[in-house]
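Here subunit A shows up in two complexes: once beside subunit B, once beside subunit C.
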Partner chain A sequence: MTSLLATTLPSRFRWTDTLAWLPWIISAGIVGYAFLSGGYVVTLVVFALIYAVFVIGLNIFMGFTNQVSFGQNAFAAISGYTSAVLTTAYEWTTLPAIAVGVALAVLCAFLIGYPTLRLKGHYLAMGTLAIGLITYEISVEWSSVTQGYMGISGIPPLGIGAYEVTSDRGQLALLVVIVLILTFMSARIRTSRLGRAFFAVAGSEDAARALGVDVARYKLASFILSAACAALAGSLFVHVVGFVSPEVFGLHMVILSFTMLYVGGIGTVAGPLLGALIVSLLPDTFRAFKDYQDLAYGAVLILLLIYAPRGLAALFDRYVPAKKVGGAP
Partner chain B sequence: MGDLSFVLQILVSGLGVGCVYGLIGIGFCVIYNASGIVNFAQGAFVMLGGMITHALLQRAGLPLPLAAAISIVLVAALGVVVERVVVRPLWNRQATMFVMILATLAAQIVIERLTLIVAGDQPRTLPVFTDLPPIRIGTIAIGYQFLWIVGGSLTIVTLLALFFRMTNTGKAMRACAINREAASLLGIPVSRMLALSFALSAALGAIAGILITPTQYTAFNVGVPFAISGFIAAIVGGFGRPFGAFLGGLMLGLVQAIAVVSLGAGLKNVAALSVLLVFLFFRPSGLLGTSK
Partner chain C sequence: MTTLSLKNVTRRFGGLVAVDSVSFDIGSTGVTAVIGPNGAGKTTLFSLISGALAPSDGQIFLDGRDITGIRPEDVAARGLIRTFQLVQLFQNMSVLDNVKAGQHLHTRGGIFAALARPGWARREETQIEARAWELLEFVGLSDHAHAFATALPYGQQRLLEVARALAAKPKLLLLDEPAAGLNADETKRLSGIIRRIAETGTAVLLIEHDMTLVMNTADEVVVLDFGKKIAQGLPEEVQKNPDVLAAYLGGVEIGHG
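Right, the complex of A and B next:
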């Protein structure tokens, strides 16, 4: 009797299917709430979405391709400063400034990526960290262009031509669209030929090479995609805030983005968005104290790495085969 | 002629800083050899060495040698805490190398921020150990702090060499470096060696911090640049070779000194990081090392 019942039920239905949607529902809930309530929450969610753009990129390089970069803030800085300088000193409009900024960052990623990505392990980690720090030092020292610690203010808001998005809700809507497009792209990449190549490189470079995957080229592709996202995030940031200083793209950004990636779930599609939203909203109580914020992010990151290395979205994501956290450190 | 003495003067100070980088680099090697881990929290120990000594000196009014000794012990204890709280749980879970790096970097940030909250963001400095006018050799002035730094570093390097050669514990640590499993089979408590290596490495960092602080300053955020310099020293020396790291530190100190003269003080860190990238790209095994 029970077996008959079981066969008459739609056999494909499983609760895990709906669970897979949970990260999206939570994210949509947070964004929807911000949109309706307005005020400070909107600002918070706008920043979260900008960071989501950054983390989506980080996820492509680290989650999909299993590489390490502590220096993605360099590309955010390159693009952010290019945007800022072009719109203030040269009075460009926003859109071409962002385009040039991102293009320049991608060019740098190409030039830097070629020698850097040959490195492995600790060397890759330290090499990329060095790139981030060099960019930071240059943004401090090259004061004729970047105004050093003072930073550049009066950067125009986002917009196309004469139409400028200045309202909080307008910015929120625009960023939602951008994040959705990028998330969709990252989902598509994941199931595409490109994504399979990334996962092959992630699994084992030697095996990937044996299967005919051009490892160096796909690593570089992944790095450039990731840098492009970081660059876009950097430009979006300076136009939304209207101000840029070296601190914006400092080590703080690196730790924050890693915390978001690990909270959300590294290697998942929904992870970056979910992580960025949750991490931005959680330490809301500490918002007046940036020092406590970094402390909290660091501590949370350590706890996550130890106790929940696959993050929140991974709990719901049944498509990822449980990745073995293996191998000697 | 005046130019030459100026350059020599700069090179002398570069050597002093280089000794300190070397000590930090040795700290990296000690942990790496015992565990294969690169501890990105190394800079926190350097920073705390100076900060704690300053606090004991100013607040508790202790004499400098005592303050320095207590500070070294405290920082070594903190090294063990980092090992127990952050590294050990990950080690037991067989976390990947990358996760370990990220966790120690996060530990660095946590320690840095805690220091900022407790001690504030004012830069501190320590008095020089011997307050006498510098010795003059020709036109070059050599400060007593320079002698302290060079003498202290050389003493420590010698002591370390003796420790690794003569004592059973030192030999056990070297055995772990060569082959951890074999060492474990021989009855060496590998996990205790891990804790010990963190204590030793933290103490080295603290000593480096105390030696250098009188010539510069210390603040909550000096850790990362020092750690990077130490790491560069270690890479130049061929990672995992303590004496190579010391030589690498000397070289880096000289390069930085030359960069300060020719490019300006602001680009000091850029020069160091560029040395790192050059070595990573072209000679990742270092000057002395074979490929790893």
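Right, the complex of A and C next:
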């Protein structure tokens, strides 16, 4: 039984507990640096934080509940375009436009999730991929509303009523607050009955059902929460950039968000933020490598996945299982 | 008082009749064991009772209500909880959280409770935590409460699965080969645990290969062979039943499996 000690979670204080703060300290360091230095780094970090909103949601569905969706960009697009159209063509103010955008995306998530979440494994993944592609096609083809490839410009910045946040640092501060609130929410979900139901679905659907967990229902709940975050990210994006086109929410958004989730730490609380910041800043860090920039970036990603397969934050997370030790056949 | 009642329950897989018109009743107390050679249809029978599989024919009643073909989560909500032949723990959670998750049916609260944490939700959380510790104490796992479920040796994983099932407050508990992979000591302890579960008023239906365990724990035994019920009765009777002896001698195994 002594071998168990190594994998027993600390019930008393241990120095490793302080390590749990490391992902936060690194993230705070990056954001703080951007805030102080200003300029280009601020823009990078602002985009990273918008992505963090997206990835926090993806993590609830993929990390907590262990499902796969390649189509969360659809909800970003639905909300982003709703925001864009309502604030430009209909001259709404930002906040109600975002609210309607997110609500519409959540409604779509419900309508799409209800039938597709009954599919298993590959079918679900294929289904979600289709959702993303269909949304993309609609944003291209429905040009009377979306302006097709041209996109919609002149979207007003974030703000409440007449007060608009236009400065880079103002946007950065606002996004930090939003990301902190969402991170706090995801931490609370994780340690609640709802979160345990998500983790139960992730661990064993059969066992979850045998204990009375309505698996279909919790998958749908997780999908909707995830879609709501994606939607919010989509709207934040269009208001920060002031412009939207179909490419903004294309397949690269899916690839980037997956990379962030896996690098940061899938299933952890700090992972999405850390992953979003690091993946956004890495390519730039390697600018000195000139032509080999992409190569260096790829190499670092591969090294990360080899040495931290559950992501960076998982290295410091008390709630992520260590390697399997003995016992089971 | 009858808790579970099977009437001609049948399940076919293509041409194979895995469970063939099985009928029996079990009472609201005591331990009933289902035994039979490998492939006799025991696990399939459990899956039919717990709603994981739908019967091809026949009916299943729990406390007089027809539960044939309803979803497993609805069967669970009516107080019938099963464990699995191959342990199905929530590997991504601690031992303690596994048992907390087992109390899902007896707690409430969704996204609002998770985020706003009103007083009732906090009290509920305290209660289920206390209950989880009790159950871990009961099966002897409280020292490992904070370990990950997968870090436990196999025998203890089985005990954890039992504790998690008990957390759901079953009226009827179905255990599928709980002693598989346990050593003699652990099996003896398990036998004691099963007896104590039965004493607290939970009916237990048990699939078991280990004859010593069956003889020491079961009040009644049902024997399956090739999907058919070939005997039912007290352990001592069944042990001497010629059909049963033939089934076991004719099969690959004798006694232990």
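We adopt the following convention: the second predicted complex is superposed on the first by the 284 of 329 C-alpha atoms of A that agree within 3 Å, B and C clash if a C-alpha of one lies under 4 Å from a C-alpha of the other, contacts with A are read in each partner's own complex, and residues count from 1 in each chain.
The rule we apply is simple: a contact is a pair of C-beta atoms (placed from the backbone, for glycine too) under 8 Å apart; a residue touches a chain by one contact, two chains touch by 3 or more.
What you see is a predicted model, and the numbers here were worked out from it, not measured in a lab.
Of the two partner chains placed around the shared chain by superposition, subunit B is the only one that A:I306 touches, whereas subunit C remains out of contact. In the superposed pair of complexes, A:E91 makes contact with neither subunit B nor subunit C.
Of the two partner chains placed by superposition, only subunit C is touched by A:A210; subunit B is not.
Once the two complexes are overlaid on the shared chain, A:I134 sits against subunit B while remaining clear of subunit C.
After overlaying the two complexes on the shared chain, residue contacts for A:A202 are found with subunit C alone; subunit B is out of touch. When the two complexes are laid over each other on chain A, subunit A has residues 325-329 in contact with both subunit B and subunit C. Within the complex formed with subunit C, the residues of subunit A that make contact are 1, 4, 7-11, 66, 185, 188-189, 192-197, 199-200, 202-204, 206-215, 221, 225, 267, 319, 321-322, 324-329. By the touch criterion given at the top, residues 68, 70, 115-116, 118-119, 121-123, 125-127, 129-131, 133-134, 137-138, 140-141, 251, 255, 258, 291-292, 294-295, 297-299, 301-302, 305-306, 309, 325-329 of subunit A touch subunit B in their complex.
Contact residues on subunit C toward subunit A in their complex (touch as defined above): 50, 52, 71-73, 76-77, 81-84, 88-94, 97, 100-102, 104-105, 107-111, 113-115, 117, 121, 124-125, 143-148, 150-154, 156-157, 164-165, 167-168, 181. Chain contact summary for the complex, subunit B toward subunit A: residues 35-38, 40, 86, 89-91, 93-103, 105-107, 109-110, 113-114, 116-117, 224, 228, 231, 235, 239, 266-267, 269-270, 273-274, 276-277, 280-281, 284.
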